[in-house]
Structures are given as C-alpha cells and as structure tokens.
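What follows is chain A paired twice: with chain B in the first complex and chain C in the second.
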Partner chain A sequence: MKAWLPSLLRLLLVVLLVAFVTNPGWFQPLLKPLTENGAPAIYNQGSLLTLTFLHLRTVLIATVAATIVAVALAILVTRPAGAEFLPLSRSLVNIGQTFPPVAVLALAVPAVGFGEKPTLIALFLYGLLPIFENALTGLTTLPANVMEAARGAGMTGWQRLTKVELPLSAPIILGGIRLSVVISLATATIGSTVAAKTLGEVIIAGLLSNNLAFVLQGGLIVAALAVLIYDGLSAIERYTARRMGQETA
Partner chain B sequence: MTIRFDKLGVVIAAIAAYAALVAPFATFRANRIVPGEARSVLEALPTAVGPLLLAIVIVGALIALLKTPLVLRLAASVVALIALAILIGIAGSFLTPAGNTFARISPASGFWLLIFAFTLLLADVLTRLNLSPWARVGVLVVAALAIGLLLISGQWNSLSILKEYANRADSFWAEGSKHVTLALGSLAAAVIVGLPLGILCHRVEKLRAGVLNVLNIIQTIPSIALFGLLIAPLGWVAAHVPGAAALGIRGIGTAPAFVALFLYSLLPVVANTVVGLAGVPRAANDAARGMGMTDRQRLFGVEFPLAFPVILTGIRIVLVQNIGLATIAALIGGGGFGVFVFQGVGQTAMDLVLLGAVPTVALAFAAAIILDAVIEMTATKRRVETA
Partner chain C sequence: MIEIEGITKRYDETTVVDDVSMVIEPRTIAVIVGTSGSGKTTLLRMINRLVEPTAGIIKLDGKDNRSLPGYELRRSIGYAIQGHGLFPHRTVAQNIATVPVLLGWDKARIKARVDELMTLYQLDPEAYGPRYPHELSGGQQQRVGVARALAAEPNVLLMDEPFGALDPIIRNKAQEDLLAIQKRFGTTIILVTHDMEEAVHMGDKIAVMDAGKLVQYAKPAEILAKPASAFVETLVGASEKPFRLLSLGRVSDAVEKGTAEGEAIPGDASQRDALAELLWSGRPALPVKGEDGKPLGRVTVDGLVKRAARPA
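Now for the complex of A and B:
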C-alpha cells in the first residue's frame, strides 16, 4: 500500500461525513432503495447535524470527567499513601467491566430521570475502566533507572509526578482514552432508549418504523466518527510517544 | 497500645455509617409504579431486629476500621452480608400490610450501600488472601449456593423483584436460556471461525493488517445499528434460500442478534490468536523445526499450546462482552434478559428492570471469575512445565 493512500481515504471519509450531516438530501437517491412504501429515506424528525453535535458533546463530557477521575485514582493508588488500595482497585475495575451498559442505563433512570443524565453516568462508568487500567500500567511500569535518577536529582514527590511520571506515561494514558472514546461513541447510541438526544435516536426510529435507511445512516455516521477519532487520537499518541523518546509500535 | 486505622476501613466505615443511619433501608410503594416512601432500618424491621442489624453493622464497620487480622475481617464481612440478605426479606414481609397484594417493597439505597461496603471488605480480604484459582471458583460456588438457598426458601418472596418474577416465571427461564444460548452460541461460532482465521493471519503477513482493520471497523458500528442492519440481509436469505427459514433464520429475532454478536466476537478471538502465536519464543520454534517436526505438528504440538493462555484471554473478553450485549437483542425481538429491562424502562417499573439486569450481571460476573481461574491454571501449568 502506498503511504499516502490511508491519508487520502481518511480525507475522503471526512468530506463524506461533513457532506452527509450538513446536506443529507444529496444522498437521498442512494438510500431510497432501502425504504418501503414511500417512507422517507433521510431522518426527518430532527437535524442530523444537531444530533451529531449532541452525540459528540455527550461523549466529550463523559470522557473528560472519566479521564480526570481515572487518572487521579491511578495516581492515588500508585503513591505510598494509597498503595493499600492498589490490589482492591484492580479487582474493582475487573468487576466493573461485567456490568452491561443497558443495565447501568436503566438503573440510573430512577435516580436521575430520563434524558441525557443516565447516558452520561453510563458513559462515565464505562470510560473509567480503560483509562484507569492504562494509567495504572503507565505509572507502574516506568523504567526504574529514570525514577532513581529523578530521586537522585533531588526532585520532590510532586515534581517527580508532574515532570517525570505523568509525561512518560502520557502515551499509554492516551491509548486508554482512545479506547474509552470509541466504546463511548457506540454506547451513547443506546442512551436513546432512555430518551437521550444522540444519533441512537435515528437508529431507534428506524428500528421502530422498520426503516432500514434510518438504521444505516445512524450507524454509519457513528462508525465514521469512531474511525476518524480513533485515527486522530492514535496520531496524537504517536506524536507524544516520539516526544518522550519512546519507540512506537 | 496505639490504635491503628486501616485506610480502606475508613472508607468502608464511612459508607456503612451513612447507609445505616441516614439513607433509607427499604422503599414502600402502594403499587408497582407509584413513587416510593422511604423506610429507615428501625422503621423497616420488627422492634428487636432493627437494633440487631445496627449492632452487626457497627461491629463490622469497627472491625474494618481498625487494623485487624484477615480472618476476623473475613468473618465480619460474611456475617454482615448474610444478615443483610436475610433481614431484607424480613423487612419485606414486615412492611407488607396483611392481605395486601398490591403493595411493593424493594431494597433502597441504604441497603445497596451496606451491601457495597461489606462486599468491598470481602473483596479486599479475598484479594489479600491471594486465593488459588480453584479456591476462587469454590468461593463463587458457595456464594451461588447460598443465594440459591435463600431464593428456594422463599425468604425474599415478599420483595418486589420476586413478585415481578412470580408473574413471569415461565418467560423468565425461557428468556434466560435464550440469553445464554445467544452468548455462548455466538462465542462458539466465533472460536470455530476465528481460530483458523487467526492462524492464517499469523502465517500470511499480507492478510493480517487487512483482516484486523475490517474487524476493527465492525467494532465501531454501534450494536443497535448492527442488529438493525442485519435484519434485511437475513430476511432476504430466509425468503430466497431454500431450507434457511426451516433452520430458524428470519429477518427479526434471534438470527440477526446471533450474527451481530458473532461479528463483534471475531476481533478479540482473531487478534489474540495472532498476538499469542507471535509471542511464541523463536527458540521453541527453531527447536521444533530442528527435531524435524512438520508445520502441522509444530502448530498443534508447540505453537498452539504456548499461545493458549493468550487466546483464552480473548475468549474471556468475548464471553463477558456477549453476555452484556445480548441484552440489546431484545430491541429486535431476539429475546434474552433485555426483554425485562426494556419492558421495565417502558413501564417505569424499576424492579422489572432489576429482574433483567441482576441475572445478566451475575452471569457476566461468574463467567469472568471462572475464565480468569482457567486462564491462570493454564498459564501456571505451562510455567511449571517449562521450568
């Protein structure tokens, strides 16, 4: 494969995605064969652009919150003062992963009501796990000689954390954030079963009215977003890894 | 003598104190969908029993708070959990007015927080005990038996979730077996297809990036969309391929759910097979080649056994993920415990949601523990053999 081919494909995907959410009408002839009995081929109960924007906003809020909490927790359990919590936090993360998203979503409804909030809670909980796991890996597998040198240079615990440990584990932490964002982008669609405004609304409208065109456009927009964001974050990850002088896989 | 505090114990004691003294222990509802009224520990339990539970909680929290031997902490958490499990049933029958069949009693936040606090203590003790894989499975079996006994004894029958169950006993087991069939069946199909595909990707480097990219992209399609998208092609197959409809292949229902779960399962199986085979030490392969082993002998005699723990890790990811994802199958008529979850959301009957969610979580949890134990057993066996 030529080196420029992936970049070209990516650019093409961005153009298609932007064109679709801003001017879905252009694609009507393509989707029309998927509908029956003259049903509309393009989602007509709201603007795709607004839904895409709301979808991304939900994922962004949840991911930022999850990143802050997960990294703070990982820092806490890797300090001497919090070392007692390390084994337990590992098992809790393992247990947390066994909760299905639908169940978290449904159980959050009585506490916070329908809408965006239960979705944010579910996405936050799901986002925590990969970021925490990666932050933990990053902070516990730092090269011993580097840590020794930092200590020998007379750095305080705080200086070591902010100037050595966090920058060195940044690429791994970013990897966790990337995983978490991709999972959240797909999981956010399930939020529409409890009335959250996301692209899931389009898919569910399609499932309810037996309109395959709706299901396809909702699913494809989310998949395209996920592929692009995954690629973008991978690039940032490689860039930070290179700056940290680490080898890239 | 100086008193030393356990750091985790401070957290546990704080949660337990809040849960027992401030938060409601049970919720009383005049019927299944009206908003509930909170009942504290002392209001929810008969006169003598309420203070007893408070005493157990306080002693348990103190044992957690101070630096105490592991055995004592284990005993405290187990006693507290058993007391909570039995007493919530007593609260159920105590709060239900005599002869009233509409009133619903469900555990409230205080009860769940107490369970959480003492499960945390138990989990901490079990982690620190560093149990062998067999012992962990043993603990799981004992816990499952205890819960089974409580269910059979009818101790919990006055609770709302079991009233929901009593109304749907038949469909509960039917949906349950559908759920398990979906999760395990799609896993089996993914292993049958994924292992050879992984081996092929390992041997033929040109294929590897392509196959893994396609599988990666499938993972990004949201599950509800993938379920929906499979309706059309499977409907077409059912209508045009002779015999397909007789096999149960239809546009809606179990077939698209099965295929979607299968597609999601492929990536972890294939990727872990590739990683596992790539991790086989070169020396082992060279030695096998030097002994005159054929490619096939090398695959089954050397590479495959060495890669097995990594492949099993992929299977564990798939199984836990499938048990969770199978709940979404209910949206396209595929059945499973998700049926109760979505019905419950529709009727705003939270106990019905729990009836679907609790067994799903329990299944996923049990699957994770059992497979983790198996992975550890195969990995240590290998280490002993190579040492």
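Now for the complex of A and C:
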C-alpha cells in the first residue's frame, strides 16, 4: 500500500464527518431509501453537531477523571509504602470493568438522577481498568539500570517519579488511555437511555420509531469518531515512544 | 580518604558482606575483585548508601556517610554502572548535566562543564550534545555514562563493572581514558570487577572478596607475589602470574645499557608488551626510546625473564 493512502483515507473521513454533522441535509438522498412511510431521513429532534460535541465532552470528562484516578492509583501501589494495596486496588478496578455499564446506569439513576451524571459514573468506572493496568505495566517494567542510575545520581523519590518513571512509561500509559477512550465512545451511547445528551439519542430514536436511517447515522458518526481518535492517539503514542528513545513497532 | 570499618550486610539469614574493613587513600584507584555473589557490588553500594549496612561505619574524609540524607550524599559521589544506565528520554548533554541540575548549578556553569567533559571524552559537544543515547555506539554510551558520573566534580567515583559490556578493544581504550582522567582530576575511584586483568591494570590497590569476606587487600604486585589464600591464587591464575607481574612495570624501568637493532619500543610501554615483542620477533634485545624519541638503551629477554620471576 502506498504510504499516503492511509492519510488520504483519514482526511476523507474527516471531511465526510464534518460535512455530515454540519450539513446533514446534503446526505438526505442517500439515507432516504432506508426510511418507510415518509419518515424523516435525518434526525430532526436536535442538532447532530451539538449532540456530537456533547458526546465528546462526556467521554472527555470521564476519561480525564479515569486517567487521574487510575494513574494516581498505579503510582501509589508501585511505591514501597503502597505495595500492599496492589491486590486490593486490582480487584477494585477489575470490578469496575466487570460491572456492566447498563447496570451502573440503573443503580446510579436513583442516586444522582437522570441526565449526564450516571453516564459519567458508568464511563469512569469502565475506563479505569485499561489505564490502570497499562500504567502498572509501564511503571513496573522500567529498565533496572536506568532506575539504578537515577537513584545513584541522587534523585529523590519524587524526582525519580516525575523525571524518569512517568516520562518513560508515558507511551504505555497513553496506550491505556487510547483503549479507554474508544470503549467510552461506544459505551456513551447507552447513556441516552437515562436522558444523557449523546449520539445514542439518535440511535434510540431510530430504534423506537423503526427508522433505520437514524440508527445508521448515529452509529456511523460514533464509529468515525472512534476510528479518528484511535488513529490520532496512536500517532501521539508513537511520537512519545520515539521521544523516549524507545523502539517503535 | 574512605574508611570502611567493620561493614556487614545481612539479608535475613544470609550474610552478603561480612565484617569488611579497609582504607582507600585519596586520589588512588582501589579495585574490588571477586566472583559473582562475593558481595563486591553490595560493598560498593553501601558507600553511597544505595544499600544500608546492617553494622559498621563508612567515613568519607572523616565524616560518617550517614550524616547527610541519602540522596544528598549520592549527589556528591560519582556513580557509573555496567550498561551505562543512561536516561533514554534525555539527550547526551542533559544526561551529563543530571547531577549539576539536581544541585542547582546555573545554566552557564552546567554548559561549560558538559562541554569540558564531552571534549575530554572526544565527543564533539555541538554534534553529540543534542543526540539521544540510542543514537550512540556502545563505546560512546559508556563514555557518556562516566562523564555523567563525573559531572558534578565528585571527589569519589564508584564504578560497578563499568566496562563489562564493552568489546576488548573499546574496553582497553576506556580503561586508558579513565586512568588519564583520574590523573587529571585526582578523583578517588573504587571500581568493582570480576576481571583480574583489569584489576591489575587499573588498581593502585586490589581488594579480593570471597563469600562476603575481604580476603586480601594489597598492592597488585603483592597480590601476585604473595596471594593470601588458594582462592586469590586461583583468581590470579597461576599460569598468568609472571605476565601480570610484567604488565605492572614500564619498559623504562627495565632498561639496560647498550644498543640493539630494529624498531625502538617506547619507554612507557609495559614490560609485558616488550617481552611479547621480543619473543614474537625472535630477537634477544630491543632498543628503547624516550618520550622525545631519543634512545634510552635496550631491554633484553634475559633481563625481562628475571623480572618475571617470583619476587623474593
């Protein structure tokens, strides 16, 4: 495959995505055949652009919170003083992952009410595991002689963490964030079952009114976002790995 | 001066270093030799307190090394390890500047010191300073590792098998460089190795360790002539002894009156090299020249053979 082909495809996808969410009317003829009984082909109960932004905002807030908590936890349990909390924190984070997001939504709504909040809680819990596991891997597989040199040079524990350990494990941690973001992008759609403003609203509206065009456009926008963000974060990851002097696969 | 007094390190029931006492004179090189698991690395790491001893005291210039927090102590002591341990995410210049930055030197002083050390190690600061460690050859990485250890002008430099990962030719060069730099800065060096050849070549004094105990601590010639135990004898290598003894002396110390034919050997070459050259070329004598190229006399096979004999 030519080297520029993936870039061209990505660019094409960006253009299509932007065009679709800003001017969905242009695509009406394409989606019209999927509707029945003269139902609208384009989602008409809200702006797709606004929903896309709200969807991304929900994912961003949940991922930032999950990153802060997961990385902090990983740092804590890799210090000598926190080592005994490793098994405990592992099981906690694992529970977050095994608990289905739908169940979290169901449990969270009575506590915090309808809207964005239960969705944020579900995404946050679901996103912890990949970031935590990757941060743990990154922080525990640092080259031994580099760590020895850092201690031998007279760095304090904090200096070793901020100047050596975190920079060197950054590519692996970013990999965890990338996984978490992609999972959250997809999972955020079910937040609309509890009235969160996400692209799931479009899909659910389609399912309720048996309108395949709605389901398809909601799904496609989420898929395109996931592909583009995954690609973008992979590129950042590769750049960081190169900066950290590591081999890139 | 480094005074090690009754140092012991125990992990649970295992004694890794057992009641070791020795004094390392300032501006000398002490080499600690031993097999794997002899406790030599642990002993070294107790000097800069990467390992805390179970019992005993280590004094640096008369001051207990526990009078400072560990990290401050380590900033004042150079530390170079096998496989260099360079920070892969920092440039060569940033790596060398590690300790000066921790000590809060100003930028101009750091840059001047980094440039000085890089020039000393034949690395052009302009070309190599901005590079990352993985862009250097093994020998260059090793030199940067030692330059980093020396950056804050420490009085004491600890080295743990610093040349272990190098091929023989580069290792030789690295050893020569280190000797030259030790002379220039007057640094007290403690070097750990398992290679007796390296110990004899580098050390003003050699400490032999076995199973956590200091078996013998003496000048190289004495270790070769009067090994304190069968273990030291084995470590020295019985068949190598005469040649190691010769490698300690310079040709200029073995010069006899007279002349000889053929290419002259420089006076600062080792007597071992001179004997090798004599044996290889099948000649009975070689002319010797001084640093200025003037003839000093000659060395003979007979003369060198006498010097290789067990000292009385």
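In the analysis below, the second predicted complex is superposed on the first by the 248 of 249 C-alpha atoms of A that agree within 3 Å, B and C clash if a C-alpha of one lies under 4 Å from a C-alpha of the other, contacts with A are read in each partner's own complex, and residues count from 1 in each chain.
Simple rule for what comes next: contacts are C-beta pairs under 8 Å (C-beta built on N, C-alpha and C of every residue); 3 or more make two chains touch, one makes a residue touch a chain.
Just so you know, these numbers come straight off a predicted model, no measurement behind them.
Undergrad: When the two structures are superposed on chain A, do chain B and chain C clash or fit side by side?
TA: In the arrangement built by aligning on chain A, the partners chain C and chain B fit side by side.
Undergrad: Once chain A of both complexes is superposed, is A:A150 in touch with chain B (first), chain C (second), both, or neither?
TA: So A:A150 only meets chain C here.
Undergrad: Once the shared chain is lined up, is A:T193 touching chain B (first), chain C (second), both, or neither of them?
TA: After superposition on chain A, A:T193 lies in contact with chain B alone.
Undergrad: Taking C-alpha centres, what angle do chain B and chain C open up at chain A, rounded to the nearest 10 degrees?
TA: 100
Undergrad: Based on the superposed arrangement, let me know which partner A:Q97 touches: chain B (first), chain C (second), both, or neither?
TA: first
Undergrad: In this superposition, which partner touches a larger number of chain A residues, chain B or chain C?
TA: Looking at chain B versus chain C, the one contacting more residues of chain A is B.
Undergrad: Applying the document's definition of touch, where does A:V182 land relative to chain B and chain C: first, second, both, or neither?
TA: After superposition on chain A, A:V182 lies in contact with chain B alone.
Undergrad: Looking at A:L88, would you say it contacts chain B, chain C, both, or neither? Reply first, second, both or neither.
TA: After superposing on A, A:L88 lies in contact with chain B but is clear of chain C.
Undergrad: Quick check on the superposed pair: does A:V215 touch chain B, chain C, both, or neither? Answer first, second, both or neither.
TA: In the superposed model, A:V215 contacts chain B only, not chain C.
Undergrad: Give one of first, second, both or neither to describe whether A:M244 is in contact with chain B, with chain C, with both, or with none.
TA: second
Undergrad: Check the residue A:N37 against both partner chains and state whether it touches chain B (first), chain C (second), both, or neither.
TA: So A:N37 meets neither chain B nor chain C here.
Undergrad: In the superposition on the shared chain, how near does any CA atom of chain B get to one of chain C? Answer in angstrom.
TA: Minimum over all C-alpha pairs of chain B and chain C: 21 Å.
Undergrad: Could you give the residue numbers on chain A that contact chain B in one complex and chain C in the other?
TA: Residues common to the chain A contacts of chain C and of chain B do not exist here, since the sets are disjoint.
Undergrad: How about chain A: which of its residues touch chain B in the complex?
TA: It is residues 34, 81-82, 84-85, 87-88, 90-92, 94-95, 97-103, 106-107, 109-110, 182, 185-187, 189-190, 193-194, 199-200, 203-204, 206-207, 212, 215-216, 218-220, 222-223, 226-227, 230 of chain A that touch chain B.
Undergrad: Going by the contact rule at the top, pick out the chain A residues touching chain C in the complex.
TA: 143, 145-146, 148-156, 159, 164, 167-168, 243-246
Undergrad: In the complex, go through chain B and note every residue touching chain A.
TA: Spelled out, the residues of chain B in touch with chain A are 6-8, 120, 123-124, 126-128, 217, 219-229, 231-232, 320, 323-325, 327-328, 331-332, 338, 341-342, 344-345, 348, 350, 353-354, 356-357, 360-361, 364-365, 367-368, 372.
Undergrad: For chain C, which residues count as touching chain A in their complex?
TA: Contact set of chain C toward chain A: 48, 50, 71-76, 79, 81-89, 98-99, 102, 132-134, 145, 148, 158.
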